[in-house]
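Shared between the two complexes below is subunit A, which has subunit B as its partner in the first and subunit C in the second.
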Partner chain A sequence: MPFRCSDVRAGEWIDRSRTLRFRFEGRVYKAHPGDTISSALLANGVSLLGRSFKYHRPRGVVSMANHDVNALFATGTDTNIRGDITPVEDGMELQPVNVRNGLEKDRDRYLDWFGRFMPVGFYYKAFHRPRFLFPFFERLIRQRAGLGRVDLRWPARRRPKRYGHCDVLVVGAGPAGMTAACDAARRGCEVILVDENPFPGGSLGYQWSGNADALQWRQRLLDELEAHPGITVMTSSVVLGYYDDHWLPVSTPDGIVKVRARGVVVAAGLIEQPAVFRNNDRPGVMMASAAQRLLEHFGVLPCKAAVVLAANPEAYAAARQLQASGVSIRGIAACGESGREGEDAAALASGGVPIWPATTINEVHGTNAVTGVSLIGTGSEVAAQERIDCDGIIVSTGWAPAAHLLYQAGGRLRYDDTLEMQVPSEWPDTVVPAGRLNGAFTLDQQREDALEAVRCLIAAMEGESEHEARSLFRDTVAHGAAWPVSRHPRGRNFVDFDEDLQLKDLEQAAREGFDNVELLKRYSTVGMGPSQGKHANVNAIRILARYMGQGMDATGTTTARPMYHPVRLEDLAGRRLRPTRLSPLHDHHRALSAEFMEAGEWLRVAHYSSQESPSAAIADEVRAVRRSLGLIDVSTLGKIEVVGPDAARLLEGSYTMRMGNLKAGMTRYGLIVDESGVIEDDGVVARLAEDRFYLSATSGHAAATYRMLQRHVLEWGLDVHVINRTGQLGAMNLAGPESRRVLERLVDIPLDEDAFPNLGARESRIDDIPVRLLRVGFVGELAYEIHAPVSAMGRIWDALMEAGASAGIRPFGVEAQRILRLEKGHIIVGQDTDGLTTPFNAGMPWAVHLKKPFFRGRPALAHLKGRESQKLVAFALPPDSPLPRECHLIIEEGDIAGRVTSVANSPTLGHPIGLAMVESGLAKREALLQIRIDGGQMVSARRMATPFYDPEGKRQVAGYPESREESHQ
Partner chain B sequence: MSTRITEEHRLALHQLVGPGAAEALADSGLPQPPGELEALPHDQGFVARTGAREYLVAHRLGWTPDVTMPPWCFERCDRLLRLQGKTWCEVMSELCSHDMRRMSPGDWFMGSVGGVDVWLYAMGGDGDGGVLIGCDPSLGDYLRRVLDAVIADRYQRFN
Partner chain C sequence: MRLQWGIDAMRIIDCPLIGPRPVAEFNYGGAVGEPPIVDPTPDQLAAQVFYRAGAPGLLREWWYHRPTGRWFVLERDTATDRVHRIVTPEEVAHAIPML
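Moving on, here comes the complex of A and B:
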């Protein structure tokens, strides 16, 4: 490993005692545990790590801080792995992404030669003519676009999320973050400290490694972090965003933790910003902080001979640090004044390192790596200097705060002309900045700023406001250049490495009228790559500001949205939590080989299996109900008790029909509409006593109906209790001409027509089990709904099946029930209705009692009556007609005139029947309905009246002459 | 003790609703929690106050008030699961946003676990008494399956 330092660094992350091997593009390299992919490759002298997105230019390390989006790798099971932060593993087989035929000889590298034909926004302008060629270009661009390739054979993975709680969440375990965490914990707070790096320490670990005081302080803080029981440290973890009420998802190596904190200290530090000059993207050009991280964390020399571009004290400190480690510093181009008079600059100068004032980089030389650099004066009148040979360019010309969380919490930033960087200007009381991102650069400033942040935060958490006490410890010298941009007639001076955007691209976009920062972003895509503008946005704003002749603050900034770094889909997916509700009779159904279907959260029986096809089995179930006896589990129905003196008033106001005059022991169909008159739900209302009602609701809407009733109780100030018993009670429907004969053998009350008339409700017992019986006929036969506690449902089912065996009882499922109700012309809310259907549209004016002085939706219905634009109509098809599907369109004179809402082959009638919602004009004309079915074929349906079956409703009356019951008597 | 989930079959549940509910509890010698969403233990179970005039009575011997309506009394068939063991809080942290570490024995909580509405009653014991979880019986199998999966996953990850 030729670039590995021989001397061990104080805070190294690698274990030099062990060596591991990995392959990159087929070649074997050595590394140490703790190395990242990038550090390991650089240690082996490999600096070409990837190709850029658009021009396929050679790229290498830039930040070593999780922003190196041009150094992405793929393994056999993963892709787009970030080399700067991903640990290398023994036996790893790595390939670069976005290349063909290897990195060196990437077949797409020629795209760089044609860059002039791909200016900003070219894809908005090109390839549209001739039109017939657009699909060709689209296919070509799609093939070339993107970075890593996903192998669809990779297995889907999920990693569970979990919740975490603390008093104070500290983001960033640098000097300020560690100080804040320790101080908050000392004050009795439970603290979670989160840092992206595998070890806490932040800039203390690489920027201050030569400072003994700093190292001592770091050790004290690390000891306290480890010893304090109130501090939890999460390393290799990223706070992805800030959400309301202090929810902050943290991406950890074990998945996402959703942390709820009472207060947040944002000490996430700074992101070093690149300078813009020709070929500033060559492998070997990197930030000073990247070089320091390589050196101090991994013991890797970034290069052997470097030229430094400096605009702040940190640049000189880094140059001195590298020089002390054996890097030859060929000179320092000072494009800013700050730091030039400092101790580090003086030491370098006295050691013979040339420092060129008012100088910047004109051009970097080299094809796949840096081989030299030409400098130029920052004033345009100064001519370019001769080439200086070197293999590395170290840049430190400015910083941007990692203040995304502050921004998302409602904070604001402003540009500080002294520091030459953005700083927080306002923030919420309980989300406070600290440390370098708040402009505190020296260690003393960072320490004091962190202590002040905690003091203010805890005061705010205790209800006091200390707004004015913040930002007392900002530095007073510049830490960046005001204009770190160097023009070059041949361009290739990149602003955004993700999207290959150059200075000329942004200026061109502004010239074309995209002169607002948000428009510029969307047109040019600056900041829209994988690093989300962390290295591009500040310079882009600078360029736009200069073009517009205005300040940075006037130019504005773009929105920093979560997630801060890309998150693995398996982490976002989390554990699969999909509640499924089972009927209390689920095991009984399974024993009967039922086929299940999802109905909202519920798993319901579609039909029971037989030797026949499903459609034949369903038809048999329908025939069993019509001819003798069927039993269906309707436990999924909503079941709501309404008790109290105002129970009748509540229901009178909640349903469209009269409920106050319902007699005890009787039921009535109930329809619920919303304030705009649209049908929401329907069911049966049973009055059990003067002050007690029992309601059923549709399976999918029970919870919403319960909430609506609860809301009415509060809004109308009623003395009534509403109890949702949907899951507590089961229900089944015994339907068919034999139902009374079978049931009366099991219950302790008479079932004759006088004692228990149609639409009656009674309390009874089956085998000593208390049951509630409702005589309702959704399926159009004599039928009894039996409601009982879920614990007793199995026994009741068994008793009925046994008692009905001689009558040929057959359990039936939802599919048969849907046909049975369709034969009766009954609607299903949500299937035959939609978000615009009123009772008048559904042909149910009889269900609306506008004479009532008030009910929910009454004003709307009073207005809408007679103005309906659509109506539900019934139709029938010949027996041999192809069967339309629900949602097929009704066509009239070439235009859409409606849609099929329900359709089925009727086993009873022997031909298809259905319902359709059609335009009122068509509904009135009684004309044939033209239905366009699959494949565009048209079928003609004749209009029918409903019910299709038993229009007089005689079969719901016990003792109807045609029923088998009569013949038995 | 390793974390485990068991079914609780011994407790019969009733929901008591309406005026006179507190008096009915007192007449039966049962405690009346003073605040809403609070619970108090008794010899055979506990009583939780779930609303202004709503109580949930858990009783090992079964119980119904000896009164005429109101108050109204409804039998409850909630699925009861008991989560026990030293890491029960960690298990719940994968399914519930509430900070379970703050629950002391006897505390009552109504919230969402794994996307399902539940009530929780923190059990006694020396720190690992765990929690009694009650949910709608139709969702009981789902909740049991999810809790089992979390416990199994954690066992795999940490053993």
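Moving on, here comes the complex of A and C:
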């Protein structure tokens, strides 16, 4: 049973002078500030910390370093909290995850006995037949699968992202990392040093506790880190990944810092790897480094009597360290030769600790805790030893480099047969490995390797490539076993603790043909759990390599993708950064109690409020425009001025219709398509002079249209300026039969049909403010669009409202405008069109002037003409019909034949009208459209011609039926 | 195009004219195309509109720098992802046929 030792450890992380209390499964425990959840529970003798994902096996501390996820906890609001690293807090209420009825008596623990019915890949194999039972199994599995439960009422926290800049980012504050950071800073570099632990020190803090030199060196390094102004130390922080050009997001306790560095030293150290033997997951079986971390950081001893499984010098050092602190070492099973002849082994042996050569663990006894162990010869299949009683198993049989960042930067690893470990073999000049991760194990090797890494890095940062000349300081003895795996007829020898994968599962997957490491991973899910293979991948590769009879390098590795550890979504989300643009008339709209809606980046008026319902208010606005007068703010329109000798040429090439023959003082509808002929944008083009055009673009596409025009200027070598005036000018549209009478009183030019015909463009003044008037009516009435500087928009609005009062002027919003334009059959790009809609699909062949030798999209449109597979058609419904909604489907003979793109109840016509994109076969037949609406009900819609309203457009010319300009032919 | 909003800067484009800027400030405009063919065959049309060369190598591409409101043509090695030089617009401009 683990316990807290009474001796204070030098450099321990806990503050024994203070005590805090927390609850786990309802019971109260004491801890000290600095304890993590796992260390606090172990200090209280609780070694059963969690249940495994699949078989609900009892689990405890394995790595004590967040390399495994056996100890996960939930509070009321948060779940899957990692016990190894999360500080315990006073008053914390903790529960285990993935457990029913408590950890000890978990109701799902029987699943362990059914394991043989859940072989590898059973998800793919089972539950297919009989098919009708699948929903039942699916529900069952979904209930059982997964870890903690998410609290959907979790209060959202916003954590802004920050930026960090440095010359050298050092990852890992162990001996090599601290040395590299200090050395780089001494050479004048700005350094950021990141470590996931709460304190710097790394392995110097737990692996070398008996070594006076090590402790002295550690203190010197810590002092220098503290004193040097060029070093920023970020603790409890994880470098999540490496992205191009040395961009490394660092997850800190206060959110993400996006660090841009010039060079990176990866000194992230090693991840200790478990050995594979029967019941290697019992609480009490842990890595030697985990026992050392518990002891030196938290003053917790993992057990009273331990058996050690050793394949490297670190194992013997750890055994001595534990023995010196009072743990009885019952014996050491040496499953590898390395370290057996060393100083630590000799000291243990002379103290009477038996060391059994060529021996490994056959089986661990005990259910919720270790009660004993049976050993076996590494070469034999029979138990060589009697059962040995103990309450802890300490394992040190191999390491894997935490080389994720090197991988992501383009580095490579190879398996080193001397070290029995993967080591970096290639890396970029400015992302360099150092320390144990690079095979430097002794303190001297680590120091030399770190200094060499910095030397080469700085040379590379200064443009000299010294990569070839890098000296290595790799150790010459093995630090792991070549085959830390022991077979057992009854299995339960786990390779992946996240996914409960045993030796036989991987071998079976290979036998079934998934014998490539990437296939093995996907089929068996090894390394795909929350710890992402940190403790599982190396052994899985070993097992596959042996099965295939090939080397480790030939077997390969899987890719280590970002993020290194899971990241909270709130950290990734950062701050909500979605600025909204406001019209210059926004305050006027607010004063009129407008309801606003988001339209792209803008806030626009949906409708103005009234005593009645929104739909009644919208209908009133529509009727006001049709009967007398309405005013709408259209400041969100893109407004672009094109000036220069090649102005007409630019627009001829950019729009589908002719623009070169547009007369000065006139406007024309303009349509823009992309290279494949798909509609991108539309608007109004006004010619102000021979070499000057003024054009509008849709609110959402203004920036892109401006960008496209700018590019065409360069692409086509034109002499023309394109000026984006969207933010500088506002606009409003005065629409309705009374519009001329009202506007006439305010402007200094005549508005009669001869002086200012339909589709004309004029410059004028209102109240001495220069305005540009365009006689265009999207809503299908006599209408004037008034463009003016944003600073004067309020005055003009007020003047129009005042002058229009006697005519019953009413401001109207986007909702009313949508109905008004639908009554006229005008499309909205992006609503009635999608990413495949050409002008032919949209029923606008009149807008495509194929006689022009060139415009953007012309070759595609010339090819597509007459081949359209879909067509936009208009429909109407009886007044009492239920109203379909946009995107409801058109059904023909049981199949989908189209969809509704726009639909509204027309206040003017008194019944619903709409547009639908349907298959051209159906479009030609003029048959009723069958629309499937909410609830599966079908309604029949009558086909109509557009415009629904005022088909001859008489209302726009106000008593002048013949408009010569613009007949769209 | 609008998807670029709010996406983190990951790469730096070392533009010879405006210096090193994060890629998030740019909109990608695609590779510089061939001058348009006035009446292409369907094959030529498909090649021009839809086909893109994917082989690694030097590629001339349009990049729009939003803060300065400028288009650039950059020559980028798609194998190493490095910008080699800025191409003057005159080098890639082609006259368009007019009525």
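Definition applied: the second predicted complex is superposed on the first by the 950 of 969 C-alpha atoms of A that agree within 3 Å, B and C clash if a C-alpha of one lies under 4 Å from a C-alpha of the other, contacts with A are read in each partner's own complex, and residues count from 1 in each chain.
Note that in this section contacts are C-beta pairs under 8 Å (C-beta built on N, C-alpha and C of every residue); 3 or more make two chains touch, one makes a residue touch a chain.
Source: prediction; values computed, not measured.
Once chain A of one complex is fitted onto chain A of the other, the partner contacts of A:G717 are limited to subunit C, with no touch recorded for subunit B. Legend: residue contacts after superposition of the two complexes on their common chain; A:D245 is shown touching subunit C, with no touch to subunit B. Applying the stated contact rule after C-alpha superposition, one finds that A:L577 touches each of subunit B and subunit C. When both complexes are overlaid on chain A, the residue A:P859 reaches subunit C alone and has no touch with subunit B. By the touch criterion defined above, A:A349 lies against neither subunit B nor subunit C after alignment on the C-alpha atoms of chain A.
In the superposition on chain A, contact is made by A:G660 with subunit C only, not with subunit B. Once the two complexes are laid over each other on the shared chain, residue contacts for A:I828 go to neither subunit B nor subunit C. Shared-chain residue A:K258: touches subunit B and subunit C both.
By the touch criterion stated above, A:A704 is placed in contact with subunit C alone, subunit B being left untouched.
On subunit A, the surface patch touched by subunit B in one complex and by subunit C in the other comprises residues 161, 258, 260, 577-578. Chain contact summary for the complex, subunit A toward subunit C: residues 161, 243-245, 247, 249, 258, 260, 577-578, 649, 652-653, 658, 660, 675-676, 704, 707, 710-711, 714-717, 724, 851-854, 858-860, 862-863. Those residues of subunit C that touch subunit A in the shared complex are 1-2, 6, 8-12, 27, 29, 36-40, 42, 45, 48-50, 62, 64, 69-71, 73, 81, 89-90, 92-99. On subunit B, the positions that touch subunit A within their shared complex are 15, 17-18, 53-54, 69-70, 72, 74-78, 90, 93-99, 101, 114-116, 136-139, 141-142, 146, 149-150, 153, 157. Against subunit B, in their complex, subunit A makes its touches with residues 160-165, 254, 258, 260, 575, 577-584, 586, 602, 635, 641, 643-644, 692, 721, 723, 725-728, 789-791.
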